[in-house]
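After this come two complexes, each holding chain A, first together with chain B and then together with chain C.
Up next, the complex of A and B:
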């Protein structure tokens, strides 16, 4: 073989491996999601995800399990659920192509899509064209507020889209009122360091924003302003880069500022695994750090940080610690944890809970309407019904029908979910019980909250030696 | 101001030594073999995931796993040398494509076998917690990494300046043709230089793991940190790399602690470009590896 051929061969092998990594199974997954001959025609659920991204892979697994559970219950009005995955490669153009394929070729009535705002924005435009001929429901766990405004202001055009997440504009409110104050109270401080990932989805949190919609004007201040209004002193503020890995200058500055709490608002793109490693060995490791958005909501985070997460407070959604928000929380836990076998419950994160819960919400709406085909009516039912079976969110906080900026999205982040990593990676929920009660969580959930068990990081390091 | 000065001095040494450790091997390969090793980033992956494989999956104790991972790096480098470098050393574009392809293949294999959620972690912490130095509180493990980098640099210098093999390597780096005419077995020396130069990357990866990301895509980032001082120093010269590492360390410390941490990489890239515009062959325009 001459040199040219040899190089060609290497490049081809590399490409083949890359493509194999990108490729998604287009056939239905094995198990209960495969339609049985003689049964009614299946309801097709298409999942549009890039499986190379670990969190999306978990989402796909969760959707498969949810479909199995629905099929074991007899499907939706007797129709089994069939799941088909298409690869987005996390690219806008590929996502739009995958979406068209899902709607036109596969005939999917339900599309569950990865939470990447720019992809969802483009897909919603395409969906608006397709919907009249191919009625379907699109659900994505993206944060971007723009898609909410589309649905609010041009309802007939975009009514098929639902956001299985709390929009970015609302997240600032939640952080400023439900996250920082209770943690600051536990710590006993009024001095806060605030770091916010500088990305499109955090613009409202950094600068404040206002929306003019047909429901009226919504105005949201920046997190810093909201905290200062409540009497907190933001002693150190930083916009951190997307993908930041060197946190030492920030940590040194936070320590020098005298902050009692470091609040970090980031997405999956900022490396909060490295942040935990560097924080735990820095001079700022006595300052209570609180994370928002990222892998810390999964049980795998403890291991990923090599136990450096000890003391960190963050929203946490993995089994078996998860409180029983609804009967589905526990039903899903049995199925999900059975997958892990002896290794225990596989890691899971917030958006996976949202996708599986939404499948059950659609099932409930279709059963209420008495039809799986009248999608307009199903959408109406989803807007009008308080859904009581979400695995992690109370009915009022996942209600799609509010006539405000939260229309067609979750109004609030789970108000019980602040977990602190304690000895051995055990997560203890330390939320304020009254806040959780105000958000409609049951006493069963409330009794899983133990703010009295909070320990500061220095204390934990001593105890857990 | 004095506080900022504290931070700048301390972190110049810390960051600079870290970058030096990353760039040492790359510099030697560039200096001796005269190739731009685009597969260098794969060494960090082989080190981290090799240690994890031996330790976690096979059950070897950590010190043994680290030694086995370093042997794996040496073996990988030797195969890379025989299969890619030897074949394409005269055809630069093919060589670059081949080395880069191997890097991407390793990266994808690692990503497939050990996705991030596996939680690969190397418990190689030697100094836990922070060490107060002036106003700064430096993570203890960073001090370990810096010390290890300097020790490796010293070992390299002793090897290059005091041993016969080092003399031959320097001879090749100075004038390959003349060295060949003097009877130097250049093929064996190339292989030896490449294998020896691959080890520091592995040691630094294993040492920095407790305070730095360990994921399937970290190879590219560490490679870029290795490349920057090597290019600025004058490709292939250890003295240049040494000076350039601390210049970049200073820029990062100055931006990070006195201006804005967001500017660390940007400013260092601009400074490197400006220096290269003035001195296209880098800070030290030397013909040899030292």
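Up next, the complex of A and C:
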């Protein structure tokens, strides 16, 4: 046999082995006649994630732990939960393929998907075709505003889709009313520098927007306009390009403008690790900086920045500091932190909390309906019920049934979650207690808020030397 | 009058609208391509039938994979043909894919144009932009051509973010009409599969026909030695402009298909180095100048990617790239080389210039 034949043979054999191996246990599609679903038949939950990305890996671990917890409680109406993960490779075509496989080949009734807008758009379109024959629930922890509008305006077609996050337009309101004002008050300033990541998800925050939906017209002003209406002076404004690495010119400009607070509307697209390092050594390091989305929500951020995060304020969702929003917050903490062993609680991010909470919400809805198969009724129950077991959000702020632009998504961001990195990476929640109270958080949560413990970054550097 | 001239193995039509036509009917010239084409045509049905009866579920993942293999074929067929005709390796084929996708999505969503019109528009925009850029095939070569084409997708990527109000940046343009919406998902999937297969086939047949014609000989001449070809009177710049323009339009058609297949189009998802690597590796592993090889390589690589994705978890992509690197080493003439070694008559025309040894 010559070399090429050998090569061909090896390739073919390898492919045959892999093909044989790729067949996973599957369940016939609904409507198939053979197996009659018994009570012991598992409810399949499919997770569509790119497991190479650390935050998605944490999401996957969280979902596994949540499924274990549900199974320990006897499953959902006696049916155990089985979790199957499909790799999306963070590519649109692969995500659509994985989604089809999840619904049709695996027979998953619940799909939890990474919050990558371009993937979610394509998958939601596919889901609209799949749903009539293969009823299921799709939950993504993020996607563009368009997905909200689809559910509102074409409810029957897209009702299977929920977004476990607040819509883009709503985030601007939250930043303008619940984030900047309390921090500015702590600092004692009215001068704000506003930097917004230049991406599609921030367009409404940069330019304002309006939506015509079946629930009426929603109009949202830009963050800058909303701040100015409240009497704040936006002394420096910048759109930060996606992938920007050099923040020094922005920091210098903010310093020159006399800003007392720098509000950075960021996501995972913005390198907030580099930003923290450059801020901490720049002339602007005495200005209070506030970050929005990204790795600073996790305890790992402290190490990632080499302690340069000292003084930064950002939404923070890691254990053990996380306040007990619901009994599930603590139950999950026990399980999650046990995984870390002596090393302590593994780092965790906001979206992981959303996925695990949503699994419990679906469980609750199925139990309320008394069926795991009547997905239409389960969706209705998810819309109508005030869910009280979210690990990080109050019932009113994770309610899916509001008849406005928040329909099928979270109305508000956790209004207690602004943490300041203080000495040794310890995070202190510095939110305004009244704002948290208004959003329905319990006194146990309010007790964990310590705005009086806030310290200016320059002061912290002195104290923590 | 139609007659068969057996000694020359030709089918001849003597007078069809005043012209005489003749075709070679000797089986060795058409048997294997027809067998291969039929195999390509029935493969999805065989996969469907065997898998469904063996496992009791519809192999939607594999069928979806085959759709993407066809899209990749559209890209690599055009890239391979472009490389032959221009003597340059384009590092920005996905730029034209994104151009076609954006054209289709914007026209469909904003102006309600139907997919038939957006197809023409996507091809036209791809071709016009290709025509505008085609002088680079004349004035630049080597690293300059590579850099120029490499930068184009990055420019479009940044523009997509800069004008997120138009292009939707990372979220893209949703709400694009699907080509098929029968209400039966599997039927839709097959319709998409065979539509993409038909487009890839048309592109392949056009390129094959050209390469077998006298223009193919001219392209071969330009590819082998441009200066020498010019000395012999070949209008190399004209050939390169035409080839670059047409293939750019054809690549844009792949983007058009994706937009109407997925119901949305997000350029940044396709303007990635990974997409470029996939196209270049597929094109290279097809074999130099191998038009049929492009389809074979696209199918092998895309199926391999799906298999590794399903079996190897997060190592899937790494394993795919390693396997492709190994194949680059052990298959210097690509997948088509395995076949061509035994079928030397089907080599494409090339001009071999031998320098006379000075005694």
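By definition in this document, the second predicted complex is superposed on the first by the 425 of 465 C-alpha atoms of A that agree within 3 Å, B and C clash if a C-alpha of one lies under 4 Å from a C-alpha of the other, contacts with A are read in each partner's own complex, and residues count from 1 in each chain.
Please note the rule applied: a contact is a pair of C-beta atoms (placed from the backbone, for glycine too) under 8 Å apart; a residue touches a chain by one contact, two chains touch by 3 or more.
This one's a predicted model, so the numbers in the text were calculated from it and none came from an experiment.
In the superposition on chain A, A:144 makes contact with chain C only, while chain B stays out of contact range. Legend: residue contacts after superposition of the two complexes on their common chain; A:238 is shown touching chain B, with no touch to chain C.
Applying the stated contact rule after C-alpha superposition, one finds that A:91 touches chain C and leaves chain B untouched.
Look at A:203: by the touch rule set out above, it reaches chain C but stays clear of chain B.
By the touch criterion defined above, A:343 lies against neither chain B nor chain C after alignment on the C-alpha atoms of chain A.
In the superposition on chain A, contact of A:125 is made with chain C only, not with chain B. Contacts of chain A with chain B, set against its contacts with chain C after fitting on chain A, overlap at residues 3-4, 7, 11, 18, 21, 52, 198, 241. Remark: chain A residues 3-4, 7-8, 11, 15, 18-19, 21-24, 26-29, 32, 34, 51-52, 87, 89, 91-94, 96-98, 100-101, 104-105, 117-119, 121-122, 125-126, 129-130, 132-133, 143-144, 146-147, 150, 198-201, 203, 207, 241-242, 269 touch chain C in the complex.
The residues of chain C lying in touch with chain A in their complex are 55-61, 64-65, 68, 71, 158, 161-162, 164-165, 168-172, 174-175, 178, 181, 183, 185, 188-189, 258, 262-264, 266, 268-270, 274, 300, 303-304, 306-311, 313-314, 316-317, 327, 330-331, 337-338, 341.
Of all residues in chain B, only 3, 7, 11, 87-88, 91, 94, 97-98, 101-102, 104-105, 108-109, 111-112, 115-123, 125, 128-130, 132, 135-142, 210-213, 215, 221, 252, 256-257, 261-262, 264 touch chain A in the complex they form. Looking at the complex, you find that chain A touches chain B at residues 3-4, 6-7, 10-11, 13-14, 17-18, 21, 52, 54-55, 57-58, 198, 238-241, 245-246, 248-250, 252-253, 255-256, 271, 273-274, 277-278, 281-285, 295, 298, 300-306, 308, 347.
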